[in-house]
Each structure stands twice: as structure tokens, then as C-alpha cells.
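Each chain gets a letter, A, B, C, D, E and F, in the order it is written, and its residues are counted from 1.
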Amino acid sequence: MFGPDITFLGVDRCDLTDPSSFAEADVVIVGAPFDGGTSNRPGARFGPQALRQACYLSHDGSRPSMALRVDGLKDLKVLDAGDVECYSGDLENSIKDIEAAVYTIAQSGAIPVILGGDHTIALPDARGVARHHGFGRISMIHFDAHADTGEIEFGHLYGHGQPMRRLIESGAIRGDRFLQLGLRGYWPGPEILSWMAQQNMRSYEMTEIVARGLPDCLTEAFTIALDDCDGIFLSVDIDVCDPGHAPGTGTPEPGGLTARELLDTVRRICYELPVLGVEIVEVAPPYDHADITAFLGNRVVLEALSAIARRREVAAGGEPWDPRKPLLEGR
Amino acid sequence: MFGPDITFLGVDRCDLTDPSSFAEADVVIVGAPFDGGTSNRPGARFGPQALRQACYLSHDGSRPSMALRVDGLKDLKVLDAGDVECYSGDLENSIKDIEAAVYTIAQSGAIPVILGGDHTIALPDARGVARHHGFGRISMIHFDAHADTGEIEFGHLYGHGQPMRRLIESGAIRGDRFLQLGLRGYWPGPEILSWMAQQNMRSYEMTEIVARGLPDCLTEAFTIALDDCDGIFLSVDIDVCDPGHAPGTGTPEPGGLTARELLDTVRRICYELPVLGVEIVEVAPPYDHADITAFLGNRVVLEALSAIARRREVAAGGEPWDPRKPLLEGR
Amino acid sequence: MFGPDITFLGVDRCDLTDPSSFAEADVVIVGAPFDGGTSNRPGARFGPQALRQACYLSHDGSRPSMALRVDGLKDLKVLDAGDVECYSGDLENSIKDIEAAVYTIAQSGAIPVILGGDHTIALPDARGVARHHGFGRISMIHFDAHADTGEIEFGHLYGHGQPMRRLIESGAIRGDRFLQLGLRGYWPGPEILSWMAQQNMRSYEMTEIVARGLPDCLTEAFTIALDDCDGIFLSVDIDVCDPGHAPGTGTPEPGGLTARELLDTVRRICYELPVLGVEIVEVAPPYDHADITAFLGNRVVLEALSAIARRREVAAGGEPWDPRKPLLEGR
Amino acid sequence: MFGPDITFLGVDRCDLTDPSSFAEADVVIVGAPFDGGTSNRPGARFGPQALRQACYLSHDGSRPSMALRVDGLKDLKVLDAGDVECYSGDLENSIKDIEAAVYTIAQSGAIPVILGGDHTIALPDARGVARHHGFGRISMIHFDAHADTGEIEFGHLYGHGQPMRRLIESGAIRGDRFLQLGLRGYWPGPEILSWMAQQNMRSYEMTEIVARGLPDCLTEAFTIALDDCDGIFLSVDIDVCDPGHAPGTGTPEPGGLTARELLDTVRRICYELPVLGVEIVEVAPPYDHADITAFLGNRVVLEALSAIARRREVAAGGEPWDPRKPLLEGR
Amino acid sequence: MFGPDITFLGVDRCDLTDPSSFAEADVVIVGAPFDGGTSNRPGARFGPQALRQACYLSHDGSRPSMALRVDGLKDLKVLDAGDVECYSGDLENSIKDIEAAVYTIAQSGAIPVILGGDHTIALPDARGVARHHGFGRISMIHFDAHADTGEIEFGHLYGHGQPMRRLIESGAIRGDRFLQLGLRGYWPGPEILSWMAQQNMRSYEMTEIVARGLPDCLTEAFTIALDDCDGIFLSVDIDVCDPGHAPGTGTPEPGGLTARELLDTVRRICYELPVLGVEIVEVAPPYDHADITAFLGNRVVLEALSAIARRREVAAGGEPWDPRKPLLEGR
Amino acid sequence: MFGPDITFLGVDRCDLTDPSSFAEADVVIVGAPFDGGTSNRPGARFGPQALRQACYLSHDGSRPSMALRVDGLKDLKVLDAGDVECYSGDLENSIKDIEAAVYTIAQSGAIPVILGGDHTIALPDARGVARHHGFGRISMIHFDAHADTGEIEFGHLYGHGQPMRRLIESGAIRGDRFLQLGLRGYWPGPEILSWMAQQNMRSYEMTEIVARGLPDCLTEAFTIALDDCDGIFLSVDIDVCDPGHAPGTGTPEPGGLTARELLDTVRRICYELPVLGVEIVEVAPPYDHADITAFLGNRVVLEALSAIARRREVAAGGEPWDPRKPLLEGR
């Protein structure tokens, strides 16, 4: 929507108004350049543009992962549908159009990967997926510094601080299948936390993560996520990382994950769990230095795709992945 | 609205819900931290905050002008009403609330000075003034690189590219009392320009300004502005200046005025003409370096206030202003 | 002192010249915008201004901690006394005035929290506290990349490289109750280190911290700190963190703590130990990108206040804090 | 070459290896992302990428000029051939390949517009044009802070400080048809200036331009340029502008033209003279703030194209351009 | 003092404690890296370091001016004495040491060129020169946005807002030989302006300069400066330029001179008048983008030296300078 | 080569054309300001300049390490030979000249420490060392996000993506003595990895390092490195660190080491192994914020030198280093 019309690292285009153009796709990437719901620093509207090109390699639609030994852009059929036209001054129409786009993708059988945009879009993103797979049938794994379960902000039901509440209220995602990781800081207050507790959400604040270790928390969360659900929606708010690793975001909160931890975790989720939709949000280029946040967001997408590809390879009889195996062994 | 609650350079506060708090005011400043209507770089929501504090002197509510020998903040009674709560994701309610605030100020007899925000707010700003002084009774002097007379953008009637069209259509401002200075570049195209011509707008593109000289163009524009109108609304989009002088803005267009030209012109307008409302818009701090755009915007406000004060002093029998008079002569 | 007159995240003001205004306070925040003692990059004079407002939430004087389940700004009575007027060109008067302000706060029974400024202010900050609680009766826990025990620099006894030596020499703090954590790099040399050894200081260089683990070092340090002392002065130089986490500082030294480690440690100290004074210094906004250093410094203050509040709650019979407890458990 | 494959503001692509793809073109744009010849700050390799997209309007291949009332991208057939693959570590092959590309374009009858890259490329750019139009048959109008007539630098004949000497030596451009405008500063020294004088070059240092006025100097230069030559090669080094207007460049020299002066001048040249080739060089994005230098460079290209279009329109019987005519008159 | 020990563009060093080392010098450059007197943004302590190296050419102690056809660094014997050790926390000793250094240089017969530092140093700089040439015998030509004639600031007589008052009070410079150019904005107020008027200072506010033209104002000022005085001290505060041209400074004031105007004016002063001392102050690198302010300051020094060299050449019988003469004529 | 002629933190100079000037040296530092081989962001040409001065302490040729209790710049005789003149447009001559310089140093018995420059220089750096110590007699320990074993890029054998392949092909380093640490991301693909496997390289991708722990991987690598080899060449590409810790580099890849890990590892290598040459490459100042990448690179050099000094001290009978020993113990 902003700037030239490009695709994610050069993958082929498709057109959401032409179902045949993505009929065979495993993954369809779509941009949601909306930042009208942000409560502080805007700029996430330029997220899709930045996430698509933040890479120093050729834009050739191929990225062989050294870690996973698959090519997430080639071993899967990945297409880019361009951006949903979002007008940041009109939240309601924007989320309606985003939901329609995501639903269209999910219906086709492809996994939608949505490039935000601020976190407002979690509502249409996850609802679009749930509309196809069934309300209450997908779990949410949500990386964020913030719970995003606000009630009403600036007089509105919608915005980047409330999508998770709206998702639960709508029934799209069950509250007790909501797994939040990386929360920290000073919002929300007791009232909203009580509401969250009543929904039986499971929220891992950073103190718990540090005390118990991230791997243990993940293992526990995975068990919940798979319990009576058919798949996972993965929502990554880049501010789950420490501002030192992700300065280019709207509401940075010190004390988060490292970039390494986020990449390792996204890989593990997409390798171990049946992921049905992914969003990466809150990359705000105006506050990014040397593009490091955009580079990180781009790699979150690639790790997700690579792990999905490896998961499918293993499901098809391939060798399970061993992270301890030396890079060149068996080449 | 964003950050701490401060007033413009330390002037006293007032409360728009309490008319007595600004009953005696000559000028009421109000912030409109809205950037949901911007078509490109956002960030103007932080304009009010930046414009209020971009000064290295004490925030003491006093600024004696060396050029004009008045103190725009003390010789006039200037109050700051804080920000209108604007949610950038909800354009329609935001402009409704802004218009109400501006109208409230105008009704009190004070001159509203609105700190934007993106240029979407020209619609409620000028309409709020016109509702008090009479539709069709005020002229618009509009500094901008862009005509802002778009028809529909992103499917919407409102946004930072269309306010001038909506103002004319609504009758708030007569098309033939629209004076635009500083236009340049590659937008709008012939169709919109034809519409503008049909409204008898008078738009000074930079080529004409360079060829004829800015002072001549201004003198001509002033004559039109005063013809069968009771006063002036002054709209300053900071992008009228060259990006070298005002990098911190959403849609920078090379080849504009210098900061000096803008300050001299604002001073001349507010000294020579009966100004009834002022807005300064499109200062976008995320793209500002060393705060130079915010400093410039702050000085636009101060030049306007100083010149209004001097105009009143002269009206009350004071000595007319002579820009050639040495600073220390007669002190 | 610089820019508008604001308080820390909107807490109420008090006036150090009017004791009644802070008679009931638990904590009084005061700014020391002095950077005349810095040996390299200046800018810490803007630290108080930045630390007070580096937050994306409302400036409403409330910050409920998810980690600690208290509101450090509401459960304690926290007031902000504004800035001590510091002239960076006059070190001697500046530190005299800072000491007087800190002493005034300590005398009232409140905990002074000083927002620096460069580290020169550790001398008046800790001495002001010690004057009330007794010379030699408080321990110093000092986070820093640098020992700050220089003898004479640029011909002066005072500056940001010498305050710890002056504190020991003056008797305000005993050398053997000086706990330093995070030291690294190439200063000071053997002579000064010998002097430090003679004072029986306990300095944890990063190599030791990495080899032994930060928690063990802290536990050991706490034992020393509580031995025959009545309380703790906590001095946090933001450069204890790695420059990747805190670029906006005067003398960055690679290889430091992560932001997460610093926040966890400050929380632990203020929860486990009787803290009587806190300073956060060397945040230099001109070198900060996307405000990440200011955000971190703001959170250091909030973690300290939250932990002090929780400590008091536990002392009053509340439940001890368990960092492993899930966020929503028991809500 | 770097990043995604885009065209100048969305114009259609062509392929230099397929002559039919640009057989009808009036103008062919080509990128030369080479900065191996720069003697100081690199980064101009990202110039083509930046120049193609530095605009806030849609990338729709249309830019109606308000000043000239033509659409430079539509009234002319403008195509973009992408980038010549340039390896900055291999100057000699890079300039060989660039010359071949430019020659191919010129041969087709189209005007080549080359997006640099550092000024090294003036040699292949102008030589490529001269090979088609005849050695000695085109004049050079060269905007630059620097004469670029060095003999040997870093042991090499080629680089961004020597192309103009090589052009004269090769006979591609006659020394006495070399018009340089905007020179200033402290390079080159007397020896090189003597060589330049011997070639009968005409170099307008800024002092002369200020003393005489830019319009007079231009008029004089145009007379020389047209004397016994068939056309003009226009070379614009963005550093001809003052660093305040063009910070993003390799060797900024204070005291240059304003952006406005450059745009007005480029327009006048392309309207009044038969321009056969254009290059815009030395835009270095790593040093650009808020993209203002890239925006300026983009507008240099658009002014050139718009003026060429208007010149053709006039040649075909259209109304001559009058810069004093009001924008809306006659619409 | 900060960073490596370098000289101005590679000129030879001298040692102020060894008079023989600069006995033959025409000009001695000395750095005064002091910013303890600045009332707002610090950073000018890094001015000397930046001014010495802000150039893309070789640091070879030679800079042949194209405009003036002399080599200011070679035709004059120019040495660099390094920095006076200044401790920004100790204003009084710093200015004492600076004055001693400047006096030492002046006594030797050389022209001191002082690289600031904040404007506090005007007091020791001009007084050091006046001590040698006689109190009251030199005129001051002072370029600045600010009058710098404050009485007491932050409780102190000294600082960057007061040096001009102290100079007049001390008798070093007569008030009626004080020529100020470029003043603008909102400081000082009437009381200080009255004091200035009483001293018969001649201060050209920007409005007068714009209305009358800079050349006329200069001509008038030169007449005053030469009346019953033996020479000139030239003080250039970089903030006399517009922030668009000089963002890297402590107290930027919009609406100033262009870089071109400043360079042309410095050249004219040093060519037409007997300059006995020069200072360039308030270049603050932390706020500079792409080093453009440092580049400008470096060129201010070079223009001054080049013009002094040309003035001497003419005095020795050389051809008078004609700014309209083409660069290559007569080479 | 760029800017003033300085030495690494003020160590003495030497002259490679005068063998007597470095006859006694333990270490000779040399700059290789070449970035013509970089495939993406340039700027590493300014690496040597930045690495030499990125320190806030005096440039006095002394840096006593607190961690290691030696002074790497004084306990060793360290000299700086300045920069090899590199022209980024001429890769082939540049690497020839670099190799000659490194060989000259190695021949003298000193350890060469090369400040890059992009990674292209690994070829001449390691080959220059191997020419003296014997082809195949030194092992390579290589920290990098990228394997740098490309075959041909941009039609060339040489560049920053291929040096390791060229080294192995040339026989300078045996493939099975190549230890790579920190690899990650999406390059190279299977073909190049197969070639690497055939050479019996040992490459530790980050996933393996995270899974096994860095210390274990290092211990294993050390064993290989010492097997039938006489010493080590240590190549540190700063992009081995996470972009949060090293943003100022050409091809940043998220998910790398922390600065702390890199410093600890360099120290361990130089303390435990016989290091014969060191290079630090890919520090690109144009993309660096607050100089944090340059600071880190400077400390990499100092850690290496300090550890070499301590290793020699221990070899001469000194006490082995114990990282757990408190800083002040035994002082």
C-alpha cells in the first residue's frame, strides 16, 4: 500500500480476488498496513513494506535455512497477496476488510501469514482463521509485553490494546486456550487481570519465565494449547523482545526476550505444533535504527515458514530435527 | 494527550468545559493530536506535545519578540486548553470533537490556535471558526505544498488530502476566498485542478512565487482575502517549507519556502490582517532531526501571536511597526 | 529545570522549601540535572526530564506492577519535588545544593529517589542520606561499569569518576560496606585498585559475575551489606547495562548486564533489603535511540518503588512474593 | 540490484537485452548502483533504489506537474530498465557495463536517465551518449560542488573525482563545451585548475554565481552549450546543493544551491535546451535524514522529464511555458 | 582533549608552553572544549574535535581556495596548539586558562583562532586578544541568534548567555564598537535591550537584515567597526545560521542566515577588515546530522584564513579580489 | 586513510617500509579501510578509524584490564602501522597490498592485528600470516553469522562472501582446521554447504551452540584447532553478535551472540591458544548508533591483546588466570 508493490523476499504474487491464483498455496502472506489503533507511537503501517524487504540477500523467493535444512519459501508454496487497503483513520472498515482477506486465505486451505500493522489486527486475523476452522477450535499462542485485553480505550472497543478480549468475547478463541508469553510492566491493572483470570487464560509474565526457564513454560503451554483444539494461531508482537533487540515498535517495554529466544521459540512452536495462522505485528520503522527490528521481524516469518516446512517433511517420513546436530554432518 | 500534561511554553491552562476559565482570553491554544488521516508518514499526533515545548528558554509564559517589541504571550491573554482527545483510528468522531472545541473557543471571543495533528483537522478547525463568524465570512490563507482539495481518498471523504474541498463544499469558506501559497510538485492532477478553478480559488504555485516574488504575491492575496470578508483563518502546513528546513513532516516536497520566509510571512499576515483563527499542522516528530521542525512550528505560533499583539497595540494608538528600524533604537 | 515542569509519571508535586508539602511522603523524587562532571559525552542533564516521562501509558500517577502485584506509585505515597537547580558549569555549588535537598528529604522520613544527572551526584546523594541515618550506618550497593573511585581528574576532586572515593574518605559510607557490581573494562588502573582493596571494598567485576552467576554474587553481597549497617543506598549507573540495552549514556562499556538482569536485580534488592535512598544516573538522551535508555531508567525507578511497596506489604503481614507464581493465579 | 526489483515510481519495465521492449521509449531509466569510486562516504550504491521510490504518492507511473502542466511519466513514454549489475569492488568492469547500457539506450533513440551511484559513472554515462550522437557533438552541463577533473587518485585513472578529465581526454566531450556550475571549496588546486583552463572549460564557482546571479550565469552557459553542438548531457551531482538541503551525500560542501534553485534550474535547462542524457548521482541514503536527499533527487528526475515533455509539446505547437502564469488560470 | 590528538586538517602542531614553537606563526588555532556554560543542549565540548576533522579531503595542511585563489593553510603559517584543558564542571578555572592561552598567542603576534566550546569562551577569547592589543582598541563583530548580554543566569555571572556583557563591563571591548548580526527570537527582554542601548551597541536583528539586505548592513557595520579601533575580533556562533543549515547546536533559533550567507560574510570581513582574532562556537556534534554543522564550522575557519591570506597578498601588492571573475580566467 | 592520522588508542606508530621501526614489536596493528567487496551496506572503510578511537578514556597507549590484570597495550609492545591504502573500487590491488603488509608484520615476528574493512580481507590477512608460518600450519577460528565460503559472487572470485573458500583452495588454511562459530540464517544453500562438508570444515551453527552451550563448543573447537597446527588466526566478523549489540554492520543477522559472550570468548581463545594473527571486520560506522558497534570492536581488540599478554605472563611463570577470583583480592 505504501511505496512500490513488492512481495515478501520475491515470492510470487497472488490476487485474493482470484481464487485460482492461490489455489495450490501452502501459505499466503498478506499485509495489513494499519496503525490507527495504536495508543502511542504510530508507524506500524510501514511494517508490511519493511518486513517484506528487510534482508540483505537477493529477493529471489528462496531462503534455505541452515538450522532446519529446508527452504521455507521453496519447499512450501508461498505466495504474497499484497496489502489489504487499510485507512488508519477508519478502524472499523479496516478490520472488516482484513478479516475478509484472512478468511479467504484460510478457506483456500493455505496458512495465512499476516504482516502488521498494529496489534488491532489480531482480532480480524484470528477471527478470520477461526471462521474457517471453527470458533473455539484453535488455540492462541501470543507473544507480547502486553496482555492486550483492555475493555475500552479512548472510547472504543477496538484498538491495539483490546483485540484479545474481543476475540474471547466473540467466541473465536476460548479464554482457556489463550497462552500469553512475555507479559511484563505496569499494564493492565487488577480489574482486567481479574477478568483474564475468570476466562482461565494462561499468561506467563517475564518473572515466571525467568524463574522457571522459557523451555519449561513453553512445554506446559503446548500441552494446554493442544488440549481439545485443532490448531494454533501464533501472534507475535515484536515488543515481546527487549527494546535493545527491537527498538522500532510503538510501546517498548524493557526486560523482554532476546531476539535469539524469540527465533528459537517461534521455530519450536511451528515445528512441534499444528500452526494454522501467523501474524507478526507492531514493527514500527520510524523508530527503528539500522533496520534491526525489521530484520528481526523478517526472520520471525522465515523461522515460522522453515519450521512448518520441516514439520511437513517429518510428517512425510523425513528425519526428525535435532538441534544439536552439527551443521555439516551428513551433508 | 500523549505524555505529561503541559501547556504551550508555560502559559496558564483553561478548561473548555468551564467557560469561565477562558472568558477573558484573547487566544486559546488547543491541541488536536490526530494523525489518522495522513496518507503517508504518521507521527503528527505528537505535534501538539512537540510544539508546546520546542524551545530552549524557560517555560514561563513570556516571549518578548525582538522583532515586534511585544510579548505575544503576555500582552495578549493566552491560555492553553490542552488536547482534544483524538483517537486516530476514528476519524469521524475526532473531527466532530475538534470542531466542537474550536467553536467553543471562537464563541468566547478568543482566537483559537490549533496545534495539529495532520491536515485533516483544517475541516473542523476552520468550520468551527466559521460557525461563529458566519459561513462565507472568513477567508482562508493556506500555506502548503499541497492543495488538499482531493475528492475521495482510500474510500473516504475525510483525510489530510481533502479538507479544503470539504470546507468549500460545506460553504464554510467561499472558494474565491481561498488563497493558497507554496503549492508545488505532482499532485493533484488536472481534474482536481479544474474543480479548483471552477471554485475560483487562487493558488500560488512556487514557480509563480519565485517568478513574481513572494511579497507581491502576498499583497495581491491580501486584497482578495479582505474583499467582502470579515477576517482570516490562517492554516500553516509545515511542509510549505523546504524539507531542508522542515524534515519532520509526513509528505515532504522539495523546493519550498525557507523557514525565514515562512516566519516573515506569518508575521506580516497577522500584523496586516484581522486573523480569527490559526492552525499549524503536519509537524511529525518521529521524522524530525534535532527537533528543528518542532522549533520552527513553535516559532510560527509565536510570530502569529506577537504580530496579533502588535496589531492590537497599533490599533490602540501605538506606533506602526517598521521592520527597518534598528533593534536598539529608541530603547 | 529543562523544558516544561512535569512530575514523574504524573505523581503529585511537593516543594522542598515547604516541609508540610511532603510530610507524609514515603518517597520523594527529585531531579539533579547536572552533567558538568562528566568526562566524556554530556547530556545527562536531560536525564530527569527523560526519566519522568519515558512511558507510553497515561501520566496518571499509577503503575500497577504485574510482577509484584502492588502499585508502586499509589501503595506508597510518592511525591516529586522537581529539580534542584544545577548549573553544570559550577560543580561545587551544584553538589552542595543537591546534598541539601536530599538531606531535607531523608530528614522527613521519606526515601529520596534522585534522578540524575551524571554520577558526580552520588557524593551529595549518599551523603545527604548518611547525614540523616548516620555516617557509616548505610551500605552502598553500586551498579556500574566503572568503580568511580578516581583520585583527581582534570585537576578536581569532584566529578563523575570520583564520587565513591569521596564518600569513603568523608566517612559517609564505610569502604567495607561498598558493594560494586558490573565493573569491567580498562579503568581504573592498579594504583586505584590498590586503594580500593585497602578500603576493603567488594567489587564484582563482570568476569566474576559471569563465572559465578549473578544471583550468587548478589546473595553474598547482601550479607555484607546488612552486616552492622541499618540500610542501603542503591546507586544505579545505567551504563552497568550493555550498550545494546543502554546506548544513551556518557561512557558506554561493552559486555554489561542485560536490561532484564538489571530490573530483576533492582527488584530483588528493594524487596529483600531496607533501602533508604536510590539514585539512577547517567541516562544521556542525546545519545539515546528510540528512547530505549530512558524507558529502561524509568522502569528501574518503578521496579524499585514496586519492590519497596511489596516489602512493606509483606512486613505488614502480606504474603511473601513468589516469582514463580503464575500471573493470574489467585486473582 | 539491492532489495526488491522496483521501477521508477511504477513506470513500466523494459529489458536492455531485448530491444523491442524499449523500441518506442522516449526515455529509459537505468540504475547504476556503484559506489566503489567514492573517495569518502560510500552509500550511493543505494541511490537507484532510493531515487525510484522516494515519493509519498502512489507508484502508478503518473506525475502531473503543477508547474509545467504536463505529466512527465505519461506524456513521454518512460521505461525503467532496472539496474546494471555493478560490483563496487570492480570499477573497470562496472564502468564498461554501464557504458554499454547507456549506449544501447541512446542508440534506440531514447534519452537515457541514469540513477547513480557515485560520480565515477559520468564517464560511461556521457561516453555512452556521445558514442551515439558523436564524440564532440554534445555539451556537458555539470552541477557539482567539485570539478571532478582529478588526474590520478589512489593510483587510479577512474573514480568519482576524475570522470570529467577522462571525458575530455577521450574526446567524448570537448573541453570548451564543458559548463560547470556550483563549484566551491578547496579542491582542486592550481595545477588541475590550470589544466581545466587549458581545456577552455567554463566553470562557475559559487562566488561568481552569487555575485552575478544564477539566471545570468545560466543564460551565458546556454549560449556556449549550443554553439556547434547538437545537444546536452546534464549531470547533476546532488552535492551541488547545500548540505542543509542534501545531507545524504558522500562529500558535502557547505555553501551550495538551495533545493529550489536546483529544481528551477533543471527545469529551465530541460525546457530550453535539447537534452540527450541525464544523470543524477551521489545520493547516499546511509547519511540521509528523513529521506530528504532522496526526495530531492527524485524530484530532479521528475523536473527533467516534465520539462522535456513540455518542450516537446511546445515544439509540436503547444503554448510556451510562462512561469508567472497562475496555476488555475485557463484550467 | 577528547579522543585522539589531532590538528586542524593536518597543520603542524605547536606548544603554548614553548614560545619558540609558534614564534613565526601567522595564526595559531587552539581548542576550548568547554560546554559547562550552556543553558540547554550540551555537546559543544566535542566542537574542537569535530571542527578539526570535518572534511572529506586529505588532512595534509593545505586547502587552496577556489574562490580566493590562495591557500589559507599554506600561504599563512598556521599552527595548532591543541586544546586548553577545560573541565566543564569548573567554569571559572576554564575561562582563566583559556584567556591565558589566547593572550599567549596574541602576544606572539599571531592571530588566535579559537575552536569552541560554548559561547562562554567569548569572554576569555576576546579579552585575551584585547589584553595584547589594548582594552577598547578592538571592535567586536558578532554573529549570533542571541545577544549574549545576559546579566546573571543560574546565579552566575559567567555562561554562554552573558559573555558580551562581561566584555563590555570589563572595558575589553567598547559597547559602541560591538556589532551584532543575526539576532532574532524572544530573548533578551526589554530590560537587557535597554542596557544594550545604553552601551550604544549596534545590533542587527534579522528583520532589519532582511528588510535592508545583508550587504548594506555589513557595510554600515564595517564603518563603525573601524572607527577609532585597531582591529576586529570576529565571533561566530554557528546558531546565527538557520537550524536547517546548522542543526548541531545548543539553542537553535529558526529564521537565520543560510550557510552561503555566513561563508560569504566571513570571507568579506576577513578580506576587508584587519581581523585580530576569530572564534567559532556552539557546534554541538551530538545533535548534528551527517556532520553538516561541523562541516560548516570547518569552512567558516577556512574562509576566514583564506581571506586573511588574500588580504595580506593584496597588501603586499597582489591583485585585489574580484568575486565576479570567472574561476579559470587568467589561470 | 580517512580523516586524521591517528593510532589505536594512542600507541606508538611504526612504518611498514622501515623494518627497524617495528623490529621489537609484539603486535603491529594495521588498518585495511576497504569495503569494495561488501554485497550490501558499505561503510566498513571507516572501520579502522572508528575502531582506533572508540573509547572514552585518554588516548595514552595504556589500558589496564581489570579482568586480566595486565595492560595489553603496555605489557606487550604494540605499534600501529596506520592504514594500507585501499581503493574500494579496485579489489585486486587492495588485497594484494594488504597481504604484503600482513606478511611484512608476520615476518618480523610480531602478531598482526588487522582492523577492517569488510571480510574480503580475511583472504590477504590469513594468507599473509600463513606465508610466514607455513601454509597449512595455522588453524582458523572464525566468528561470523555467515560462512563466507561462496564460490563466485557478482562474477568475481573475491569479495566479503568468499574469502574462506579462497583460503582453503589456496592451501593457506586446511579445510579441516577451519572452525566457524555463530553461523545462522539462510545463506549459503545446500551446494556450498556440501563443499564445506567435503573440506571437513567444522561449523557451529547457532542452534547447535544454544543447544550444547558455547563453552562446550569452544572446548571441542580448541582441540581441533591445535591438532597438528602451530597456531591460530582469529577472525572476528562483528556480525556474529546480535544486531541489538552490533547494529553498525553490513549484513546484520538476528539471533547472534551477545557482546558479553563475544568478549569472553575472544579472551578465552587468546589466553588458551597460540594466536598468531587477529582481524576484526565489518564494523560499518554509517549504520552505528551512539557508536556502540565501534566500542564493541575496540574492546574485541583490547580483550585479545590483554589475553595474549596474560598468556605470555603465565608462560613466563606468572599465576594462571582465575575468572572467579574477586577483583580486589590480592591487590
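Heads up, the rule we're going with is that contacts are C-beta pairs under 8 Å (C-beta built on N, C-alpha and C of every residue); 3 or more make two chains touch, one makes a residue touch a chain.
Fair warning: this is a prediction, and the values are worked out from it, not measured in the lab.
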{"item": "Pair of chains joined by more contacts [C-beta pairs], A-D or A-C", "value": "A-C"}
{"item": "Interchain centroid distance [CA atoms averaged], chain A/chain E, Å", "value": "57"}
{"item": "Euclidean distance of C-alpha centroids - chain B vs chain E, Å", "value": "38"}
{"item": "Computed distance of Cα centres, chain F from chain E, in Å", "value": "44"}
{"item": "Separation of mean Cα positions, chain F and chain D [Å, integer]", "value": "41"}
{"item": "Residue numbers of chain A (touch at least two other chains)", "value": "40-41, 242, 244-245, 258, 287, 289"}
{"item": "Every chain pair meeting the contact rule", "value": "A-B, A-C, A-D, A-F, B-C, B-D, B-E, C-E, C-F, D-E, D-F, E-F"}
{"item": "Residues of chain E defined as touching chain B within the complex", "value": "39-41, 183-190, 193-194, 196-197, 201-208, 210-212, 242-245, 247-248, 250-256, 258, 287-289"}
{"item": "Residue ranges of chain E touching chain C (in the complex, touch as defined)", "value": "2, 35-38, 40-43, 45, 85, 87-91, 93, 120, 154-156, 158-159, 286-287"}
{"item": "Interfacial residue positions of chain A with respect to chain D in the complex", "value": "3-7, 10, 52-53, 59"}
{"item": "Complex contact set, residues of chain B against chain E", "value": "56-57, 62-67, 69, 71, 242, 244-246, 258-260, 263-264, 289-292, 295-296, 299, 302, 323-329, 331"}
